[in-house]
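Each of the next two complexes has subunit A plus one more chain, namely subunit B in the first and subunit C in the second.
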Partner chain A sequence: MSVLTSPPAPRDAATPAPRAQGLLTRGRIGVLLWIAAMVVLPLVLRSELWLGIGILTLIVGVGALGMQVITGLAGQISLGHAFFMGIGAYSSAWLGADKGLPWWLWLPAAGLVAATAGALVAPVAVRIRGLYLAVATLALVFIGLYAWETWTSLSGGVNGRPAAPVLFGDQDLSLGIMAGDQVILDAFQAWWYFALAILLVVMLLTHNLKRSRLGRAFMAVRDKDVAAAVVGVPVTQTKTVAFVISSFFAGISGALLVSYMGYFTPSQWHLMLSVDFIAMIVIGGMGTVSGALLGALFVRAMPEVVNHASGFLPFVRKGTSTDGGITGPLLSGFLYGLVIVLILLFEPNGIRALLLRAWRRLPAPLGSSRERRKTS
Partner chain B sequence: MTLFLQLGFQGIALGLVYGLIALGFVIMFKGSHTFNFAHGQFVAIGAYVVLVLLPRMPYVLAFIGAVAITVGLALVVERLLIRGLIGRSVTVVVLATLGISTMLHNAVLMVWGVGSHDSVGPVGAGTTKVGSVVLPNSALATVAVSVVVLAAVAWFFQRTRHGLALRATASSQEAALAQGIDVGRMFALSWALAAFLAVTASIFLASFPRVVSPSIGDLALIAIPAIVIGGMDSLMGAVVGGLVVGLTQVLGSNYLSDIGGGRLHEVLPYVLMLLVLLVRPYGLFGSRSIERV
Partner chain C sequence: MSRDASPASDGPPALRTTGVSAGYGAAGTAVTDLSLRVPQGQVVSLLGPNGAGKTTVMRAVSGLLGLHRGRLTGGRVELFGKDVTGARASQRVRAGLAQCLEGRMVFPGLSVAENLASGGHVRRYRGGALTEARDEVLTLLPRLGDLLDRKAGYLSGGEQQMLAIARALMSRPKLLLMDEPSLGLAPRIVEQVRDIIVSINEAGTSILLVEQNARMALSISGYAYLLEGGRVYAEGTPEALEQDNDIAAAYLGAGTAPVTPRGADS
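For the complex of A and B:
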């Protein structure tokens, strides 16, 4: 350590976040309010763009919580999330679409297959840390891409393959839920509630995990693995378990993602997907459930919003071109990278910390600010 | 045997190019403690700038111009976006450089589009015959120039004031500061040196029969297995790792073309890298202490 590499104070994940002050973490009432809002939202929100973003956010939120477990809690940086999501996606498609199993079998199975892959990778991964771990997991992504593209009987090659449908009885979730001739939920609403239900289960698991003996062991390993070993935490075993849990969530998320999209190709399990997930937890806020969800919303919504808004900008070309020119997707990709770096530079603790600060500055109903009320 | 020699030579040529890129990664990592995932985009930008300048001026001037522009860009990125992240966790720095990589990649596509362009190598498509072995001129030029550049880098590190200062900074920033070395300037110097190596590598990476296209940035990522195989903090290891990767790819593309869809050579370096990590997590030449639990 040296003058320039040691920070004046641990700013990243080391400082415990202030509790029970968050928008999403204000105790049980906050969580109940959030759930109520999420239940009502698809009934009042009529924009298909935003409903689509919302559903994708709920689905990738599951994967982001997996990332939070391995990187936010256990401190092991992994670029291999896309690989584990791909494993979940292909197992679900094989079991659900090719073998015709119901969703309540292929969904957990996708998670279990991904978790097994995590357990197989763990012996290599637990021996290394930091950058070496990042590049080792990077290798997984490229080996996975090669496997998906080559194993054409499973993946359909570059043309892709259909995913497993979610069927309730004889009702396909992607067509909406009907009772007789009456539409109870349209396709967007049905998927929203399905994804929300699974996300809530995973949120509860992650929240409880964080407060359990295992979760404390994760954080001990994250903060200093040698110190954790000294106080009796089995470091290797703890890291392995973190990998397995994280891969399990990633597998579930990957299976849901392709099932929602209906059709998928090998190229979507590229390094960029892993980058998205690291961005979610770092931008949202490391080590917290709400941070992962905020990050998931940001990463999903931001490119869409820019893409949408770029239609109104005069210098943006419509359609794609082979000889250059600013197009919507390129502009949103550029701004995505820029915003990641700017947030890292100016708000080290992520959007969650930003919102918490804004929340505390809001004038309270009785005139005094919440911050003051807290200290008095 | 003739085929083996030809392939071996091309493997060495490609490996030296990877070695130049890997060396840039290692110099930045040692000099400023940043593993720069955006380095591949510097390689791509170098190739594109040479492509733009080439019709307007002689080759040497175009190369120097590209070096100047890419080094300038690297210095701006380092000063504005990376310097502020000193002391932050590995995760944050990795994500930041991945973000910069995304930015630069999209910027390249905005300026030059997704299409392929010409080669920008210093020599064209000719071949030279040595005995029964036919060697492409582009590979000969690659080997000749890479060896000279590597020797120059070695000389710079071992025999000049700034090289010494850079080595001192890499080994201990605190001690270097105490000796009156401007550590911030050393960060900039390491990035400038890496950008210079990126441009040098780019003209050979886009040399006949390869062309300038946006995929050059991804192609340069194959230098990452090279670094890990060699050891992340070893200059020597970067070059050796590059050679291993280059030879694996060229020999694999020929001798393993019947297995695994004919693309096995693309992932072989990554498999090799995982094996090295399993046996020697610090790489073949890396120092044992770093990042080892």
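For the complex of A and C:
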């Protein structure tokens, strides 16, 4: 007996629905173009300042993807990202600088130590939600700060300590790659490509994770944890896995960050760093790979852009101001805040959604089918 | 047809609860000494006013009491003859149980296709098997086939209810719990939901139906339990319950218009 609204027509099983994909992953061409641009950029961009900012963006992009996993996908608001990055940083420095292990050991090890810390924290963290979770993970940051400052044999105390170098054979990445007397890549280019390679791996992992059964379980827990339990997703176990993966990425990012900088202090792993990462995924776009990268770019590069642009404005003072006048950093802070407010007002789904909207308004490219309208 | 009241099916009942008591911490006991039975292949409904304990019974069966800070304080829950009293929700899903929650709890941030895929979580469908299971479900709810790319949060109330049902079917359940599937839906959509429930049952799935819309529920059930204050107040076939004037007046909404006969709207 069939009294359904439309007859149950036999469906064409051979037509899988086209998937809504991210901005950077929209078709293989988009990804290849992006990679090509990333490869060419350090060859044409001859500014050490901007290359440096670019490298930092690539490195924090790894951390932002970690944040995307725990908050964007699994919906758990964690303020502990700085703590896990710090753990990655100190493990890498201890293994790489003190014990002299090569980078291909200390880098994954930094991720694993941070992931272990995530697994240790998880039994508590997965049992609380929302603001309570935020406060609990906030505590991690301060416990971490205290530990780094007191454990001076590891951290060097407030004076800091040198980080692990990245060595390829006898070549130090921070000195550039040479062939005999010939410089093939300078230090900035070498670091750019190294960070890019790691970021690409983490991007691929996150993208695949999102489309996997586990990724769907993360998003199910994020959207409705009761309904997730109903379909048979083990909720606490799934949250634990999200914490572990997120901490792993954070640890990798922290290790890369300090290795690039060469020297680091305990005060770096402060709450503001965690807040930066939350800002990245919120501003860029929650739950997507491209959103994390756009957010990382915005949060890292935007203050610098404003800072440098403000040097050309007549009413802005150079250097510090003692009488309350507007300085570059001050203006930068204002504009940065303003842009965040504007984005969240006009496009709560972040820069990614803004760009997607702009992309749809472009006239149809030659010969290619028009982008179908998606609600995502 | 499922209206056959006698437990003629072979094998153990799809669901049997024996003396189940459950409650929520300080709020006291919500369900006391409750025993009910869903024979295989039947639709059994659980009726009663707000606060009678219907949803608590559902949670006790599906293993979700813990998520609501509740606790099973006594009794046994068996699915297909297997004791699952202490089992986790995911283990019960693997044992053949699925549930449509009250309030159409779809995953709003996921597309319809992803919602359906997540419904098959415990089955670990790979590649083609997932599409196959989906197509099977979509023959029962064909309209969802046109909405696969749509985000579930943007669907209408009726479409979300259809999606919640379809998602539950993705695990190929042998017993389906449905909590208020007609709640908040237009009468026309309620009709459709009822017909879908009948089709699901005819395809071989046993159903425990919790409803406030008693007439709708009884019109498709083979047996019904009336809950009041956390206890079974009356039970029997729909015919028997309807013949009892007191019950009909108090619980079956003697004042509300009866639903149109099945098949009138197709």
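Criterion: the second predicted complex is superposed on the first by the 327 of 376 C-alpha atoms of A that agree within 3 Å, B and C clash if a C-alpha of one lies under 4 Å from a C-alpha of the other, contacts with A are read in each partner's own complex, and residues count from 1 in each chain.
Throughout what follows, a residue touches a chain if its C-beta (ideal position, glycine included) is under 8 Å from a C-beta of that chain, and two chains touch if they have at least 3 such contacts.
Note that the structure is predicted; figures quoted are calculated from it, not measured.
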Exercise. Looking at the overlay, what does A:Met219 touch: subunit B (first), subunit C (second), both, or neither?
Worked result: second
For this session: Using the touch definition from the top, say if A:Ala139 reaches subunit B (first), subunit C (second), both or neither.
Result: first
Exercise. Now for A:Arg360: first (subunit B), second (subunit C), both, or neither, which partner does it touch?
Worked result: neither
Exercise. Looking at the overlay, does A:Val235 come into contact with subunit B only (first), subunit C only (second), both, or neither?
Worked result: both
For this session: For A:Ala227, select first, second, both or neither according to whether it touches subunit B, subunit C, the two together, or no partner.
Result: second
For this session: With the two complexes superposed on chain A, say which partner A:Gly287 touches: subunit B (first), subunit C (second), both, or neither.
Result: second
For this session: Jot down the residues of subunit A that show up as touching in both complexes, subunit B in one and subunit C in the other.
Result: 2-7, 11, 13, 225, 235
For this session: Give every residue of subunit A touching subunit B within the complex, in rising order.
Result: 2-7, 11-13, 71, 77, 79, 124, 126-132, 134-136, 138-139, 142-143, 146, 149-150, 225, 235, 272, 275, 278-279, 282, 286, 320-327, 330-331, 333-334, 336-338, 340-341, 344-345, 348
Seminar exercise, completed: Seen from subunit B, its contact residues with subunit A in the complex are 29, 33, 35, 81, 84-92, 94-96, 98-107, 109-115, 172-174, 177, 183, 224-225, 227-228, 232, 260-261, 263-264, 266-267, 270-271, 273-274, 277-278, 281, 291-293
For this session: Please name which positions on subunit A make contact with subunit C in the complex.
Result: 1-11, 13, 16-20, 213, 216-217, 219-220, 222-235, 287, 374-376
Exercise. Which bits of subunit C are touching subunit A when the two form their complex?
Worked result: 62-64, 67-68, 88-90, 93-94, 98-99, 101, 105-111, 113-114, 117-119, 121-122, 124, 131-132, 135, 138-143, 145, 148-151, 154, 167-168, 170-171, 192, 195-196, 198-199, 202, 262-263, 265-266
